[in-house]
Amino acid sequence: MKQYETVIGLEVHVELATKTKIFCGCSTEFGGAPNTHTCPVCTGMPGSLPVLNKQVVEYAIAVGLATNCSITQYCKFDRKNYFYPDNPQNYQISQLYLPICRNGGIEIETAAGKKTVGIHEIHMEEDAGKLVHDDWTGSSMVDYNRSGVPLIEIVSEPDMRSADEVIAYLEKLRMIIQYLGASDCKLQEGSMRADVNLSVREVGATEFGTRTEMKNLNSFKAISHAIEGERARQIELLEEGRQVIQETRRWDDNKESSYAMRSKEDAQDYRYFPEPDLVPIVISDEWLKEVKDRQPELRSEKLERYKKEYDIPEYDAEIITGTKKMADIFEATTAICNKPKKVSNWLMVETMRLLKENEMEAEDISFAPENLAKLIELADAGEINSSVAKEVFEEVFKNNVDPEKYVEEKGLKTVSDDGALREVIEKIVADNPKSVEDYNSGKKKAIGFLVGQTMKAMQGKADPGMVNKILKEVLG
Amino acid sequence: MANVISDETIEYVGILAKLELNKEEQERAKKDMGEMLDYIDKLNELDTTGVEPMSHVFPVNNVFREDVVTNGDGHEATLANAPEVKENAFLVPKTV
Amino acid sequence: MSLMQLTAVELGKKIKAGEVSVVEATEAALNAIEAKEDKVNSFVTVDREGALKQAKEVQKKIDAGELTSPLAGVPVAIKDNMCTEGLLTTCSSKILGNFVPTFTSEAVLNLQKAGAVILGKTNMDEFAMGSTTETSAFGETKNPWNTEHVPGGSSGGSCAAVAAGECFYALGSDTGGSIRQPSSFCGVTGIKPTYGTVSRYGLIAYGSSLDQIGPVAKDVTDCATILETIASHDLKDSTSVERKDTDFTSALVDDVKGMKIGIPKDYFGEGLDPEVKEAVLNAAKKLEEKGAIVEEFELSLVEYAIPAYYVIACAEASSNLERFDGVKYGYRTKEYEGLHNMYKKTRSEGFGAEVKRRIMLGSFVLSSGYYDAYYLKALRTKALIKKAFDKAFEKYDMILGPAAPTTAPKLGESLSDPIKMYLGDIYTISVNLAGLPGISVPCGVDSKGLPIGLQLIGDCFQEKKIIQAAYAYEQTREPAFSPLLAE
């Protein structure tokens, strides 16, 4: 078989973190009963007109600057015309001719090394409503709560060659955007969505092959699998001497396969033209500078600051600043307890472990920094021992419990009453003559077994240092 | 008539515009569109080289709203004229 | 003299003086509608009950001193493409035959704040596409001067209602001449303001970059007063312009001394009815006698305005009218198989022939492969037309010409030949492309007794100049009523 190379470009849609929709004063809040967050504008009522949300432009500029794009200082909106019920006007207000950002790129890092993925353009547009399909009645239900939520679409150059590069690109993009506060970029909830444009060609070829576009990819896993599957499908076609058809395919997460979305009624001729209801946007140098000045701390800046201000190692700082969410928790918790190294340890070890075990993203973390701070204080004061602390942290992580109350209620406090502990230890020593004998005959390791028995009897609530000390005294 | 509009063109535009014409309307549309395009071709007499297309007449730019929620629950007004509603949503023939 | 023969401002004064009550005026209008609708069919919807209710409320506010506008208590008719909350708004189309808006258009709100009483909604060409009001799904409107003739369009219902004395004034909309041409045909006065002067919020769009709402009334004083009331900087309309010079009534001065008026030679060539030509040139002479400096000049590009307009307006319309799909409001076909069939049947049954014709053309010129050749070419032509006007206004305060090449044609004569019908907009269309203000004032009748309109075109934001000249010209004539109003 010939050797093939995969060529991938991404169209990433990101929902911006504005309070209101792009063209009206409706809330962008997630959820809500159908059509409760709607008005004449975002439902395409006759006579309604759009007015642009300034914050959308500022977020788009910020993302453009952070991805090394040049900002189009005279830009416009265009109408993209197509009939579909999730699109109330049957046209989407988007940008084709003069998108707000162009010609950027970001550096990614994979096992294969560093490379730059070019960004062709970033444009602003409105999101569509939601369709819920009702198999019983053979109909679909349309909810316009998401209609008009602001999006930016980030169109990459066809610079990626593997699923690994795609994931690295998406993770980098997500980190940049989260740091800017422009979006929470949750794939599952759809606030970040990636359409994959993929083609294959023989290694060494200079022309691109025919590409397909894959939609409905809701997780990194789906993206990876879809890329592998589509690569294999296209190679198989070529090997059989058949042609790849340029088409849009929809990924089915349950079936782990894609199918073509083809229809005669779907001519894909969008008849773009300048949106007459909106006026051009002129972005002055002053405005650009303002946006730049207001930009929150970027990751590289944070990394340096952490090393200096908190005196934590480079490795720790790298991991913690890896997501904006983690960094935010770190700073908030440290602000309360002023123990940066301890906070960083909890985040790097236990938090990361639990995220992995539960297949969660950092964005899904829901515990309050106050509770982590309290836990650290409890452990530091010796009120709980380290194994209890881990147990309590799991509760903090899962249910955001107040560690003080939880320890109190469950009676998890370390027993530091010398008399009570001595009594238990004396009994353990009396019950385990063999171990005592071993210890006395020089096998000092035997004390470990006795410590273990004591902790077991104390249901873990004893301070291990104290147990050791008393044991040695009792054993003479 | 310089512009001859084919059946395929009329059918294609019908798909774009979501209009279904009967045979008679289709013939009429072919004739009308051809004649209009002939008439519009008059614009080709004009030399517009180097002329910037003008979509907005006035140099009004940067009309924005602030990012402040001004609208409350609008579902009643939104659904008031709907041909078919179920559970506060518009009902349409199944899309997939 | 019948109450209905009063101008809006005259009636407003009588209401303020307590000589006429708002209810009396409203009943007079409603009775006139009842008596004349069989003959003219100006209205799609008459809101008798609502109007009387409003009349009582407005009267109370006037009595309490809360309403002081010159239009307080004066009954008005609204073109049926402006949304009115709770009141059927159809655009004279089957597809919106049952549509009851949940909000009111900004221009109408401005009138309501001034104490207007809304009588109902006037007939129009379907979605404002037409020049005769014959494309309405609810029957044609007839010209009150001779009911065998059309009233013009697309604001034919508004102009006929004013001319017939079924209301004291009306709002119309003008995308390519839709206020000025029917005003001319019906012997009434109408203004198309500078683009952006009156909010388009709530106006159901035809060609968004060209549409403007404006007044239709018996005289220039009324028009200036109404325009002053409806003009506003509306934050809901991004194309709305902030103006500090909307005190249009200050221009009601009988003085044209030193005003420079240009007459484009290219407006007086082939296709212009000799009787129209004579009446318009006579009007120019009157203004000259009053001290205006009148001279002929070459405007150029006149014949390119119509093709450019039809490309731009139809392209925008094809997109603006996509929302009428049977999903959210309006008509939905009864039987269908699947989504796309529902769309197609709904739209094919819901839209009339002229609307479909323009949607097809608009979709075609925007489709892949044609955008540059047609749409961009039209936008470039528009830029050249704007430039030609800019050049003219360097020299002249205004441009004078006919509003339409003929007087009102007979019913049924126009629709069979669309291009010929489109040519009837030759003097009005370029004004919309360039965003300029224009006014049509009556300047005589032809040998058939049909009115002729004089059009004055101003530079952007120069409504006051054309209002002043039109007012001065008006002083040289006796007001003329249509037979339906004179009786």
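As written, the chain order gives the labels A, B and C, with residue 1 at the start of each chain.
By definition in this document, a residue touches a chain if its C-beta (ideal position, glycine included) is under 8 Å from a C-beta of that chain, and two chains touch if they have at least 3 such contacts.
Source: prediction; values computed, not measured.
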Higher number of C-beta pairs in contact (A-C or A-B) found for A-B
Specify the chain with the shortest distance from its C-alpha centroid to the centroid of every protein C-alpha atom present. B
Chain centre separation in whole Å, for chain C relative to chain B (CA means): 23
Hey, how far is the Cα centre of chain A from the one of chain C, in Å? 55
Centroid from C-alpha atoms only, then distance chain A to chain B, rounded to Å. What do you get? 39
Which residues of chain A are in contact with two or more other chains? 40, 43, 45, 51-52, 81, 83, 85, 142, 265, 269, 271, 276, 278-279
Scan chain C for residues touching two or more other chains and write them down. 99, 102-103, 209, 235, 238-239, 318, 322, 325, 327-329, 339-340, 343, 363, 367
Chain B residues touching 2+ other chains are 12, 16, 18, 55-56, 60, 63, 65, 77-78, 90, 92-95
Using the touch rule from the top, collect the residues of chain C that touch chain B in their complex. 98-100, 102-103, 195-196, 209, 235, 238-239, 241, 301, 303-304, 306-308, 310-311, 318, 322, 325-332, 336-345, 347-348, 351, 353, 356-357, 359-361, 363-365, 367, 374, 376-384, 386, 418-419, 433-435, 460
Can you check the complex and tell me which residues of chain C touch chain A? 82-83, 89, 91, 96, 99, 101-103, 105, 200-205, 207-209, 235-239, 315-316, 318-319, 322-325, 327-329, 339-340, 343, 363, 366-368, 371, 375
Hey, which residues of chain A end up touching chain C in the complex? 40, 43-52, 79, 81, 83, 85, 88-91, 142, 263, 265, 269, 271-273, 276-279
Given the complex with chain A, which residues does chain B contribute to the contact? 12, 15-16, 18, 55-56, 60-71, 73-75, 77-79, 86-96
Note: in the complex, chain A contacts chain B through residues 18-20, 24-27, 33-40, 43, 45, 51-55, 57, 76, 81, 83-85, 131-134, 137-144, 264-265, 267, 269, 271, 274, 276, 278-282
